[in-house]
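Shared between the two complexes below is chain A, which has chain B as its partner in the first and chain C in the second.
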Partner chain A sequence: MIEHTFAEIHNVRQKRTFKIVVMLSLILAVIFLISLNTGTMRLTPEQVWAVLTGEGSQKQQTVLFRLRLPRMIIAILVGAGLAVSGAVLQGISKNALADPGILGINSGANLVVLLIVITAPASIFANPFLLPAGALLGSCCTAAIIFAMSYKKGRGLHPSRMLLIGIAVAAALSAISAILTLKLNPMEYDMVYEFSLGSLYGGDWDFVLSLLPWILGVLPFVIYKSHILNILHLNESAGVSLGYSVEKERFYLLLAALALAASSSAIGGGIGFVGLMGPHMARKLVGPKHQFMLPAAALLGAILVIAGDTVARSILKNTELPAGVVISMLGAPYFLYLLLKSR
Partner chain B sequence: MIKVETDRADPKEIVGKSPLIMLIILLGGVICLLFGLALSVISGTADISLSTVWEACFHFNAELETHQIVVNLRLPRALTGALIGASFAVAGAMMQGVTRNPLADTGLLGINAGSGLVLAIVIAFFPSLSFGSLIYFSFLGAGLGVALIYGLAYAVRGALTPLRLILAGAVIGTLMKGMTQIISLLTGTTYELAFWSAGGISAAEWVQVKMISPWVITGLISAIILSPKLTILSLGEEVATGLGQHTSSIKLISGITVLLLVGASVPAVGGVGFIGLIIPHIVRFLVGEDYRLIIPCSAMLGAVIVVFADIGAKLINMPYETPLGSIMAVIGVPFFLYLARKETKPLL
Partner chain C sequence: MYKQIRTVHLFTALAFVLLLSACNISNETASTESVAKAESGLQANNEVTEQQAGYPRTVKHEDGVITLDSRPEKIISIDEDIIDILSLLGHSPLGSEGLDEVADSALFAPYIEGKDIINMGNRMNLETLLDMDVDLLIFTSDKVRELDSLKDIAPYAVVAGGADYRTRIRQLGELLGEEQQAEAIIEDYDQQVETVKAEMPSDFEETVLVLRANGKDFTALSTEEFGLLFNELGFKPVKGMEAGGQLTIEGISAANPDHIIIAESIRESDPKKPNGLINMWEENPVWKSLSAVKNGNVHTVDKLLIEPVFSAQFEILKLAKEIIGG
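Moving on to the complex of A and B:
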């Protein structure tokens, strides 16, 4: 009898999740169209259609394929990556405040890019994958440093401490970057500065290609592991008694979360609070079960980043306002609300 | 008398500690500070000897370029360093006492960022204001920062562990820095506000010294007067109330003092953090928990460390300036990490 009821609840939830995912996808599509139409050069949906069917002008084609589309695809991938990374971090640490963006993982990315620009000969920049690869290396190292410093033997990971250590490490790395920046000539400075804003700006297909495999590789893995996330989120001893090697599973999931966070922030720049808001809103919409919550969180994350980028582009025409700053205007109060609520 | 268990030492024991160490620190501090000021005045891109400095101070000759450099650039810069060092260190010590939080620093708590935000608004919309009137707006911003932190601490009494308070402060700081960035980009004042993001006193002149010194000195005196009360407050709210103290008025006056110190310093130096974190901890290690000793020693050591850090800012990458904020962050972060890892139990 009880089992029957559980199955019914599961079915209801499944249907509801399906509806919400469809709705979120629609919202994402609408924002995508608005975003296409925003910026110095405007493209109406008809014009976009014309370009897609091969009838647009040369200029419209350039704007669509070289400027807008890669940037927006990066925004969607980064948003989904950060949100799922946040959901996993929250799941395994059982703390609603864990967020990969606040950890400041991208500060290491900037430092490595800076070092490459300073030390490498100019000819090497012909390779378009060099800077993204360097950024990825930097992000991974930062993630490893933060993780190693917040881990205490016997006590495990304390999420608040991990966030604080992340903020501090980011402060130190950006200070070193600031000092190194002084050694650059103006041309190198522009290059590094543009990259540090997050490649939503210079974003082209090379960046899409260097981010895509990570997202496509890691996201399915995390969704596949969602039943384990459910158990870890609930209770570790339950996991042990159900026959899972808790420590091992948790390590793999943590690795997956850091890989998503590192690749997203290496390409997207420092975007905070998406990993916090996405999962939290998703939980409100479809409940805490990860197999339902993760897709919703990924969509919400994508919506947040692409909307933030659109707003950033529409308030400033010629200068670039980082999307991360726009998102933090919404995210920081949200974080404080959660912080005060979760006693 | 109410007996309350505290993790700190007995009040009598604290008060009984000899102020001898403080005298040694203050005397040593004066010597170090004079040495640092002299070193700061002779170091820089232009070669200037100590005897030229002497000449410039006592037989000033306006026609000599070296004398001009010493009197109009190097001296005010060194003095500004000493003033803001003392100011941030004491403000940090006070916040640590009032919030009973060993990690409290006005930079980490977002108070400096509050002052920076209001400065950004004022510089963007009223660019013709003089440095003297900027300070008042800076007070407003610092006051906003203090009020937010106090409000947060009050809203969730007891539930806000030290780590969480710092986290909340850091997020408030992020928010304010984001707004500062948006305002400066929207109004095209990024260049004017570059000082804020980097932090440094390379542009300090006598105007700055004259404008900030009355406020900083007022703040320091107020902090010294408050220090016995702070010692009692740092033992815990219940103990302080039990000993007949009006905790809320102590907190209010401390908040105003912090606002004066930070508000006066930020227009001169911009975003420099970690001074208020490092110095009070070193001082506490040397003289113990009594704020009557902590406050004066923090002021002295804060002045010394910033004067020396600023010499570093001049020399590390000559002839270019290195941001003072970056230097303090590189020194301060390992310290912060050590504290955040060490003090686990009372923090969580």
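Moving on to the complex of A and C:
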């Protein structure tokens, strides 16, 4: 009888989740269409349609296929990656304030980007993959240091210990970055500062292709492991009694969170709040069960980043704002609301 | 359910913000189009034959070769530091990145005031750039970070950056069909350099330290960055400071130069408080104890004087005269 009730609750939740995921997908589709039609160069919906069907002028094709579409797809991938990474980290650490920053992703990426800017000749920056590759390297190295320091023989990887070590390592790396920043000339400072704020400027199909395998490869894996996340989030001993190797599963999930966050940050820079807000909003919509929450978080993250980037590239006529700034401006009030509400 | 409705409202608001942003851009684009039409009307009045002299031409630049069918008229500068040279060659750019950095500089005022140069910010909007139908984007080799993002949008050329002013002027002259004017500018510059060199006493041993005031600390410029003073005119840098670097006030005290040339950091300066980052040290006991301060040998200069700007070199020559004369 009790099992039947649980099944009923599960079914109701599944139906509700389905509806919400469909609704979020529709919202994402609407924002995608708005974004496709929005920019400093005016294209009417009819012109957009003409270009999409193979007509339109060379200039219109450049706007759509070279400037807007790849960047919008990058925004969706980065948003989904950061939000799901945040959800995984919050689940593993049982800390609702955890986000990819606790793995030192942003601080490690910033430090390596800084080192590249200081040491490499200016001509090398014409290679668009230099900074993303450096950022990826910095993220992974920092995360590896945090993993190694958090691991205790016999006790494994303790989440709260990892959180504290992550905060300490990130603070130390930020301090080194602050010292190195003093060596920068104004132009170099702009470059590093923009990366740290988060920006999708100049994103093209090469970036899409370099990010796509990470997101498409890791997202299904995380969703597949969502039942493990539920166990880790609630009661680890239950996981042990069910025959799971909790330590191993936690390590795999951490690696997955790192892969999502590091690849997203390498392309999008230090876009903040998405890893924090996406999971929170998803939890409010579909509840805490990860099999329901993760798809919703991915969609919400995608919506936040594509909306933020569309405003960032369109609101000023001659220049652009870093997308990370716009997302923080949109997200900070909501996050404050969450904090005040939970008091 | 109420919570879900609220969240959906949040996203509806987000979509509304996007729509507003789209409407805003539509209006602005309309005005850009009318400006562009007016500009093309003006261009039609120019002497076509004069414009086409020497074109088409193929020009080798720092990142390859470009073939220009006609003299580029709509030029966008990716480095604000070349606006003065473009202006001296008679081709002020249609727009430039980094205009905010030079807007309040007295040194640059003759080259930007009344010129209607569009301020493209620090990251120019790619769609606006495409819409402008630019003839030529000009980068310097110091500022090629955006090359990959911009090179598909308009023809581009990269000219020499840093303190290599002569090469930069020649390259710009070649791109703009103004080789003679470029040579005249270089000749005038060389003459002025030679004049100051001739006035330079052979036994002048006083040391010079060039500083950028950042607020809490200073950046010493290297002899390469300030090549005219140290390498061409032969002024003595402080021993050990040839490569430049970060300095605290104690570091300056340890270096104890005979002369200090100091300018505010472009990034940190406040246009409402001219020289505020320098004046803040006036009451500092370590600053007051410096030989250069005691002897009145602190030379406060325009912030562009310590940047790789060609027109600043003439001010450096004046300053050099002042130092050897003082």
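Things to note:
The criterion applied here is as follows: the second predicted complex is superposed on the first by the 240 of 343 C-alpha atoms of A that agree within 3 Å, B and C clash if a C-alpha of one lies under 4 Å from a C-alpha of the other, contacts with A are read in each partner's own complex, and residues count from 1 in each chain.
Throughout what follows, a residue touches a chain if its C-beta (ideal position, glycine included) is under 8 Å from a C-beta of that chain, and two chains touch if they have at least 3 such contacts.
These figures come from a predicted structure and were not determined experimentally.
In the superposition on chain A, A:Glu8 makes contact with neither chain B nor chain C. Looking at the superposition, the partner that touches the larger set of chain A residues, chain B or chain C, turns out to be C. When the two complexes are overlaid on their common chain A, residue A:Leu163 makes contact with chain B while staying clear of chain C.
Judged by the touch definition given at the top, the superposed model places A:Met329 against chain B, while chain C stays out of reach.
After overlaying the two complexes on the shared chain, residue contacts for A:Glu247 are found with neither chain B nor chain C. When the two complexes are overlaid on their common chain A, residue A:Lys183 makes contact with chain B and with chain C alike. Shared-chain residue A:Glu55: touches no atom of chain B or chain C. In the superposition on chain A, A:Leu316 makes contact with both chain B and chain C.
When the shared chain is aligned, chain C comes close enough to touch A:Met41, but chain B does not.
Common to the chain B-facing and chain C-facing surfaces of chain A are residues 182-183, 315-316, 319. Of all residues in chain A, those touching chain B in their complex are 97, 102, 149, 152, 155, 158, 160-161, 163-165, 167-169, 171-172, 174-176, 178-179, 182-183, 272, 315-316, 319, 321-322, 325-326, 328-329, 332-333, 335-336, 339-340, 343. Those residues of chain A that touch chain C in the complex are listed here as 20, 23, 27, 30-31, 34-35, 37-42, 59, 62-63, 66-67, 122-123, 125-128, 182-183, 186-187, 189-191, 194, 199, 201-202, 204, 281, 284-285, 303, 307, 310-311, 313-320, 330, 334. Interface residues of chain C facing chain A in the complex, by the touch rule stated above, are 3-4, 7-8, 10-11, 14-15, 17-19, 21-22, 24-26, 28-30, 32, 63, 95, 101, 118-128, 130-131, 141-150, 152-153, 161, 214, 217, 219, 245-246, 265-267. Within the complex, the chain B residues that touch chain A are 103, 152, 155-156, 159, 161, 163-164, 166-168, 170-172, 174-175, 178-179, 181-182, 185-186, 188, 198, 273, 316-317, 320-323, 325-327, 329-330, 332-334, 336-337, 340-341, 344, 347-348.
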